[in-house]
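As written, the chains take the letters A, B, C and D, and residue 1 is the first residue of each chain.
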Amino acid sequence: MIASFLARSSQSKTRVATKLASPITGLRFKSTGRTKKKLSKVKRIGFVGLGNMGLPMATNLFNGFKDKADFIIYDINQKTTSNFLKDHNTDPNNKDKVKVAKSPLEVAQEATVIVTMLPASQHVESVYFGKDGLFGALGENHLVMDASTIDQSMATRVAKALHEKGAKAIDAPVSGGTGGAQTGTLTFMVGSNTNADFELAKPYLEKMGKNIVYCGTNGNGQVAKICNNMLLGISMIATSETMNLGVRMGMDPKLLAGILNTSSGRCWSSEVYNPCPGVQENSAATRGYTGGFGMPLMAKDLRLAVNAAVDTKTTVMLGALAQQLYNQMAANKDYENLDFSAAYKWLSENSK
Amino acid sequence: MIASFLARSSQSKTRVATKLASPITGLRFKSTGRTKKKLSKVKRIGFVGLGNMGLPMATNLFNGFKDKADFIIYDINQKTTSNFLKDHNTDPNNKDKVKVAKSPLEVAQEATVIVTMLPASQHVESVYFGKDGLFGALGENHLVMDASTIDQSMATRVAKALHEKGAKAIDAPVSGGTGGAQTGTLTFMVGSNTNADFELAKPYLEKMGKNIVYCGTNGNGQVAKICNNMLLGISMIATSETMNLGVRMGMDPKLLAGILNTSSGRCWSSEVYNPCPGVQENSAATRGYTGGFGMPLMAKDLRLAVNAAVDTKTTVMLGALAQQLYNQMAANKDYENLDFSAAYKWLSENSK
Amino acid sequence: MIASFLARSSQSKTRVATKLASPITGLRFKSTGRTKKKLSKVKRIGFVGLGNMGLPMATNLFNGFKDKADFIIYDINQKTTSNFLKDHNTDPNNKDKVKVAKSPLEVAQEATVIVTMLPASQHVESVYFGKDGLFGALGENHLVMDASTIDQSMATRVAKALHEKGAKAIDAPVSGGTGGAQTGTLTFMVGSNTNADFELAKPYLEKMGKNIVYCGTNGNGQVAKICNNMLLGISMIATSETMNLGVRMGMDPKLLAGILNTSSGRCWSSEVYNPCPGVQENSAATRGYTGGFGMPLMAKDLRLAVNAAVDTKTTVMLGALAQQLYNQMAANKDYENLDFSAAYKWLSENSK
Amino acid sequence: MIASFLARSSQSKTRVATKLASPITGLRFKSTGRTKKKLSKVKRIGFVGLGNMGLPMATNLFNGFKDKADFIIYDINQKTTSNFLKDHNTDPNNKDKVKVAKSPLEVAQEATVIVTMLPASQHVESVYFGKDGLFGALGENHLVMDASTIDQSMATRVAKALHEKGAKAIDAPVSGGTGGAQTGTLTFMVGSNTNADFELAKPYLEKMGKNIVYCGTNGNGQVAKICNNMLLGISMIATSETMNLGVRMGMDPKLLAGILNTSSGRCWSSEVYNPCPGVQENSAATRGYTGGFGMPLMAKDLRLAVNAAVDTKTTVMLGALAQQLYNQMAANKDYENLDFSAAYKWLSENSK
């Protein structure tokens, strides 16, 4: 099983709701109760980007809405879309249940609810603003959810352009990895200028994820994600340095982890995802650092964080150093395919 | 109120017990049940080092055992010891309830249970091995507990020398600060070669602390403490960088903290001791970073950690950088007296 | 006087020529001797971007070629261009000596030799590829020199697009600052796919600079510049840490600098531009860190370097940390306007 | 051949003399011209510590003074001393030319001029202050030169204790490695409270080294050495990061080195000791990083530097990070025996 980096079990979901209630109220959002009505008008749902993450997300969304709406999908990889078509266009009474679009533009022409899941900012720019892009046909009837992890400035640029067309827009980057995408237990960090849009988006996101976390205005979904992952990335290396130091000084790793986890040094990386093999039965570390959250992904998120820091004149010294370390591991063929907790392996094996 | 850095509430105490049960069993320790008998023989308890930490610890120990044993104390600061004498030597039937020793040697001559609480390795060396030091009179009847935070090598040297004399020795560095010392809620991280010695020491430590954590053989109390504090020190700066980044990118700090704390970025520093003012009502940050765990103390602990890393050929890149940052703040007159969570203040005010 | 960061005196110019002779030969470049003929055909020279650097560069280029060619200039700031027009269009026989273009496109339509000097990659993209950009009219007769400091990928993209149009293209970022721009003593680091283009460009660059350094194929001018400035940026902080350490340990700073400079620790920052006030009579440090190379410029160059490192999977730990430190100083209003050697001031004043 | 890290050729020697003249004058030292007279009285020269560095140094000192004085040597390794005896006690008229002492004390009893060359502070403490140590017999007639690299506080403690006995003392750590020790071309960095002692020591040091550099009062020889080596250690990693970045971005390494070395990025590590193989014919890099200055030695010197920084409340962020990197390489069996410029190899091979 692959770890879900934000989800914490059903119990933590309740905590999210409780804890976030006041900030949302504090921002004077009101639930209008009219969202269900609007939802019923949706005839076709669009999905752009069916990669490692997008494909299982689209599958879960399809399964959740197939009785209420038709689908239209787009990906530059035609094999992926034709496979999806084959697998899901199985309704004998509706040959048109799933369609494959020739361009993002066609998706916008046919669907009123659209999800995009793309690798990086430049792909978002191209899909939204490029030739035959979504913007050719977006308007007041559209709700667009971008689940890509991109920089805040691109996310706010997309949202602003959508709002100018009268469309509803949210940014909703995810955490939880391909495992969470498959099991529908992703966490969505949602940026939305209005609560109404947030509420509109929720039923769709809930088919793909378990925690739908409100993060503030458009763009803040991205901020929350890179902030969380920067802190996670640093903590994982810090935990690795600490466990490695303790072990080399003669301590039993399980005993050390137990002490840290009941003390002020505890963090998610020490408690839930300890990088030292054998400390936890089901950790990535114990299964040889396979699966999980890969080095290049953490390196990418830290790059977004450090660039955002430079743009906002913010100092992130530990963040910048952590970025270099993940870059180094991502560039090393013995580590590039391992889970990011292999920072422990890297540290301990470099001192041999 | 001042934070207790390891203690987590009574509920966590149970967790310590539960979690640590198996490692201890795993190490084949057995509780003999004979410890109480031995305890009854103690006639006089010694305490060396009545500084900011030692004085309240000695007071709690006195209050807990005054009906069972007399006391003898030593400190180079005579004002401290004469005050203690005045305050506690109040039994009309026993003019000798508390004595002030002229040297550590005299403490060893009169007391069979001895606690030492000293600032650094060189003071421990002097008190134990120096002229008129404890070693002049230690033997089979002694139980000696050193609560100082020192390097592992000095701790094991002391223990080895004590064992050669037939004495019982544990190292038991604390966390919890002066607040924990006063309220008797310190956490003791205990290194002991035998479970019998650990059990013998417990009743005394329990008068001064709430969590008595077994950490392995002699010296491992020190290892556990510097490992925990290194991870804590890094995490606090990482949390400060992250909160500062999020705020400068436009997020509400309470909302950001809420998201981190239900996500994979959470750590004790974000959850219990958030460095951003206003996020938590009772944090050091919210009360202007007063009280708490000062910059020089964190700088000292990180120095021990980095030196231990160099000695054991262990790489601690984030640890070394964090050490420099705390050193810098400890050397700055605007920060030296603040709680270590003022790393947030330092980061945010340097970008003005 | 303001420092020239690459120039070293006329003597070093000879060294460049000597040292670089073999690499150039090694790359099988041949000087054809036909360059002068081509040069004589130039009727009008264009210059786009007359900012703090571009204005004095354009002035020197004008003064060097006013007898041989006319000029056309463009900048979004119309005040700048009209001032240039007033100052330089003074030939009574040629009312058309200097023209102000309405767009980069017009520059390309009228001039065959074009220099651009722009702040960052996005401006280069806009001036070359945007609406009414240079590309609307570039062709076989054009020689285009981009002196902007931008990332390698944009520089190679520009060069490739120019080559496809049959134009000659070089990238030629400078060092030497506004002082070097004014006195015509800049160093140009030139990337050029062919020696012929390098030779063609030289006469123009020599009116604006003293050292014209060949760096390899197109884009390598940018590589050389960011590599040099990354090493410079790290060395300056390293020298500052070292001088500060020595002084705080009781050494006379002049004596320490003298020892470093005759030893293996010496570097340009210790020898030519020592950051400790008083060590050198004419250093930026001694005159209060005024003038020189500002914090935001060093922060920008290090950002280009770190991003290039991430793109090429290269580890630059010291580079990334130095970037954060210059960012921090550039974000601090007491330091943002100071020379980058004020790293010494920052280090010494933070420990007060 | 092994590199001399401070020596720069005879020409630089002149520069030392010229440059340092004024600081020395400024400190009101006068050469009395009486030093030769005192020298003639020396009957026996002592040498303690004949390890990898000490043995060739003692040999050169013996060869330079064998016509003027006898010798007495001490090392805990008796094989070393008996070999020295066999090799050098070859005067048929003087069976007592070289003696092997039973203890440092005996050296002090027999010799009036003494050189010590020991691995670290604890050995210096033992040889000088331990049982049967030098202090048992030192007095007004002694000139003692300690060439060990140790921390400043131990060096000043030794000097102060010697001065209290009326002896003359200098600290004189070296650079130049075992190669410089063998060829007698070491650089001595000399701390001396008086110029007279400096002048007295010079004739002896000149038999073992080429540059005898005055660094200020006692202890400052150590300060100069760790400052130089910290700057060197950082510069070497910085040069390695820079060369590696340039090469990975497509530049010819010789061309890049040529540009750096005529620019503001140049430093001893780029110019004299370039870490990229093939850039210089005779560099450690080109011969596979054999010989030279080993990783553990650089790690040791950086540890002294970082500890000194912490003691003096000085911030050395790049220094601390460089220390960790050399520690990591020194702990890696593939790198521990290589020259410190193998930082380039480490960086480039970690990204494979």
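Following the convention adopted for this analysis, contacts are C-beta pairs under 8 Å (C-beta built on N, C-alpha and C of every residue); 3 or more make two chains touch, one makes a residue touch a chain.
Owing to the predicted nature of the structure, the values given are computational and were not obtained by experimental measurement.
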item	value
Result of counting contacting C-beta pairs for A-C and C-D, higher pair	C-D
Chain located farthest away, centre of chain C as origin (C-alpha)	B
Chain centre separation in whole Å, for chain D relative to chain A (CA means)	56
Approximate Å spacing (C-alpha centroids) for the pair chain A, chain C	41
Contacts with 2+ other chains: residues of chain C	309, 313-317, 321, 325, 328, 331, 350-351
Touch list for chain B against partner chain A, complex	5-6, 8, 12, 15-16, 19-20, 23, 27, 152, 175, 187, 189, 211, 213-217, 219-220, 223-224, 226-232, 234-235, 237-239, 241-246, 248-252, 254-256, 258-270, 272-273, 305, 308-309, 312-319, 321-322, 325, 347, 350-351
Interfacial residue positions of chain A with respect to chain D in the complex	317, 321, 328, 331-333, 350-352
Chain D residues within the chain B interface of the complex	299, 303, 306-307, 309-310, 313-317, 320-321, 323-325, 327-328, 330-331
